[in-house]
Amino acid sequence: MKAGKGLLSLILALALLLLAQQIWAGGEKEGVKAAKVVKVGYIAPFTGSAAEFGTNGWRGIQLALEDVNKNGIKIGGETYKIEIVRYDSRCEPTEAVANMRKLAMEDKVVAVLGDHCSSCCMGISPLCDEYKIPAITIECAANAVTSPGHDYYFRMRPSMGLMAPLLTPKIVKLFNPKSVGFLSINDDYGRSFADSFEQSMTKEGVKTVTKIFFERGNTDFMAFLSKIKDAKPDVVFYVGVTPEGAMILKQAKEMGVTPGIKFIGSEEMGEMELLSLAGAEAVEGTYTVALWGAVAADFEKRVKDKFNAPMHYAIIFGYDALTVVSKAVAAAQSLDPVKIREAIKKTDYQGLEGRIKFEDFENYKNQGRYTPSFIKWSGGKRVPQ
Amino acid sequence: MRIKLKNLIAPAIVVLVLLLIPQLASEYVIYVVVLAMLYAILAGSYDLITGYTGPLTFCHGAFYGLGAYASALLTLKAGFSFWLAFPASGIIVFLFAAIVGYPALRLSGHYFAVTTFFFGHFIYLVLLNTVKLTNGPMGLRDIPAPTSFLGINFHALSASYYLILVFGLLAVVLLFLLVRSGVGKLLVSIRENEELSEAIGVNTAFYKVLAFSISGGVAGLTGSMFAHFFRLLHPTTFAWMTSEMVVIMALVGGMGTLFGPIIGAGIVTLILELMRFAPELRFIIWSVAIILVLIIEPKGLMGIVGRLRVGQGGKR
Amino acid sequence: MIFQQIITGIIVGASYALIALGLNLIWSITDIPDFSQGGIYVIAAYVSYFAVTLARVPFFLALLAAMAVGSVISFILEKFLYKRWRGSGRIQLLCAIALFFLLSNGAILLWTPKAKIFPAYLQGGIPMFGFVLSFQRIVVLAVSTLLFIIVFLFIQKTKMGKAIRAASQDREVAQVVGINIDSVNSMVFIIGGALSSTASVLISPLYAVFPAMGDLPLLKALVGGFGSVAGVLIGGLGLGLIESLGSVYLSAAYQHGFAFFVLLIALMFFPKGLFGKV
């Protein structure tokens, strides 16, 4: 048994060596860069509970890839095409970090897109500075991601902390509420959302009468809705992803809570998916924060034709993010990540979602600042307010 | 207890390779090997309670998490230095395991296993929801690296690597001495026939709790190492998937052999890493691979080794 | 409001109890906590979903179809996998866990991680105590009760049922007495698969169908997996009730943690399980 154990240890040692050798050699090979390809990394959850974000982000990126690679990027007389290297993070920070290191060391990417989950974003952002490879996050919402921020980490969408102060005055003007309730998913995104809106609502003199957190994947909200019904808030923010939102609205309608109490959904609830899952009846008369007002009809058509999937903001962000990177590469006229980062910083581009510009202000760095939309579901349509 | 020199050759080679990796390989490989080493220590300590003593547990990931958060919070909020927080976390988790283990280990095998499952999930929920303390789903960040020791800067990846390697070696050596000692043999006798052991006067309850607590304590120490290496803690890192992984690594390597689970950890990590290029298929391929391994050699890697040995005409 | 909580608790508890019953049967014969039932739970939901939406089959037929599929898968898994390692509980456990991952991740791959909403098959309900108890929820209670009675009678009155009871008490003696242990094994897996599938399909129209839907119910069912049929029922229902009431009156965030305490209490007072063995 002992010699066998030794044999085994030998095998393991060999395997380790092989891995090191392969990776190291793999890295070296990339030094002789395959001509005319610019590698960009994409870290996102493709499996696990957050899988739909990675899937949608990837769709957007693929569309942008088509557009960019049609003519390629001209640098110094040569035409380059972008190649995406993507890895799954499962919304787990240790995985995201492994992916980032692999992208930097082995794949030698010039820029990275990702992640979607704030915890993963926080894991990889220090590495971006360390490796001097710029990254644009697809959608992390937590303030902490760009506050205080990193030189090499960029965010297009406004963080939670920014959305709330921008939207609250409008909400207060529309409904003149005295009290507010929160029904939110229990994760970094859900808590950030609830906390920021609570803060800004309180500033406007609105009292919080109930605040409930539910687990991801929960489908039974009757108990929570009863609690809300008893607390009698004027408006309720409900935060989560569309299936949960659909369940919440369906059950709220069943219980007669809506549309009496004004339900305001988080960004996901502004997606068409909510309509198809919950049905026009359940969404009627409810509201939602949204990250996009309307997109060009031909873009919607492309998404439908190619993927047979409903529009989703991750598709839009994915598209914009890759477009920003490709424009930066073209502007920098270089494959040097440091120069590309400088070009990204100077971005001022009218994307699908709004004007994309990265600014440093207050405690934020490299943060976009466009104003989010506010939508009412009426007659089965999204009506901007 | 004598150890033949020739049996040290293979482990020595492994250690040598591990020592050389930071000099030869990229940061990505170094990082992955660090994670593998951490899992290896988890699997090894897990083997102490489950492989050697018997009861199957599903809360090892929770002990890992408790140690990680304890250490992080002691340094962040109580101003401890890492060198103090590290042993403190081990002791905290050791005590925790003892307190929980004492009543729980009275339960028969299956009920105990299910209880540990839920205990593990409960710890995860606590880490997730006591936001004021742990920052819950927002994650705990800016955890300090170990403070400088002999002029070594532990912010650097290689330095952390070596620190964890040293810790790992010490842990493995101590576990090895433990299982080879009289206590270790007692644990095995409890596993093989608890009633008989009890009948001949062994205080089985005491030893089971001891094994459980030591196993937990080592997991706690490992958690502390992780916390100051990764410097960002998030409850999902310690959800039940982690406990499952430890069980699988131990089973794949061969339980009850100490080195089996350690090597199993390495193998599983290696396979998962090599499959990183197939994001959607990774876990499917991995599950299928496990089932295939079970069909071919259910005793895990150590079983395969045993067969090779028998093939050579030796005895197991 | 409290009545609504109680009813919700009972309904959710009934589905836990169904899965737990299957797990219990399997456990008592084979010593495996069959995690793969969590995967079968998921597959059954999708089978019924597609039966209803694509094949346009009426709900109860879809339910039967899903039960059939679930039992067959369960039977095949036993015959070609678990059986190989009879006697080695650890290996079977590992296999069960791997199967669970395989089936759940397979569902993600085949049907995307996004939840699908199961169309309602019955509209309306009975108004009572300030809320409306939908017919679909009543069906859950009715079908669960029916199945429990059927399984109970099966175990008590039929020859196979007696064989199962005998084998659960002492496998070796049962074989000596001439009981075909292979048939017994197959039978408990078939029943287990059918029960998990039923639980899944009954619950789906109330909530949603998604690949991760099996994770939590499986864990909860493990809590109820003690002792006799009656014990399983009480355990499952009890858990459902405590979760439902606890999530409102105590803490919503810990909803899934109550299982731990229920388990502890159950084990403290009934260390050998409720009401003894099947």
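First chain written, first letter: the chains are A, B and C, and each begins at residue 1.
Operating definition for what follows: a contact is a pair of C-beta atoms (placed from the backbone, for glycine too) under 8 Å apart; a residue touches a chain by one contact, two chains touch by 3 or more.
What you are looking at is a predicted structure, and each value in this text was computed from that prediction instead of being measured.
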Query - Contacts common to subunit A and subunit C (chain labels) - result: B
Query raised in the report: By mean C-alpha coordinates, which chain is most distant from subunit C?
Result: A
Query raised in the report: Most C-beta contact pairs, which chains?
Result: A-B
Report summary line: When centres are defined as mean Cα positions, the distance from subunit A to subunit C in whole Å is 36
**Report entry** Distance from the mean Cα position of subunit C to that of subunit B, given in whole angstrom
**Finding:** 32
Query - Set of subunit C residues in contact with two or more other chains - result: 105, 108, 253, 256
**Report entry** Contacts with two or more other chains, residues of subunit B listed in rising order
**Finding:** 128-129, 280, 283
**Report entry** Multi-chain contact sites of subunit A, meaning residues that touch two or more partners
**Finding:** 47, 186, 213
Query raised in the report: Which residues of subunit B touch subunit C in the complex?
Result: 56, 103, 106-108, 110-111, 113-115, 117-119, 121-122, 125-126, 128-129, 244, 247-248, 251, 255, 280-281, 283-284, 286-288, 290-291, 294-295, 298
Report task. State the interface residues of subunit C toward subunit B in the complex, per the touch definition above. Result -> 27, 31, 33, 81, 84-85, 88, 90-91, 93-95, 97-99, 101-102, 105-106, 108-109, 219, 222-223, 225-226, 251, 253-254, 256-257, 259-260, 263-264, 267-268, 271-273
Query - subunit B residues touching subunit A - in the complex, by the definition given at the top - result: 4, 6-7, 9-11, 13-14, 16-18, 21, 24-29, 31-33, 35, 128-129, 131, 136-139, 141, 230, 232, 234, 236-237, 257, 259, 263, 266-267, 270, 273-274, 276-277, 279-280, 282-283, 301-302, 305-306, 308-309, 314, 316
Query - subunit B partner contacts - residues on subunit A that touch it in the complex - result: 1-10, 12-13, 15-17, 19-20, 23-24, 27, 46-47, 86-88, 91-94, 97-99, 101-102, 104-106, 118-119, 122-123, 142, 144, 186-188, 190-192, 213
Query raised in the report: Given the complex with subunit C, which residues does subunit A contribute to the contact?
Result: 47-49, 51-52, 55, 186, 212-215, 217-220, 222-224, 226-227, 230, 242-243, 246-247, 254-255, 273, 277-278
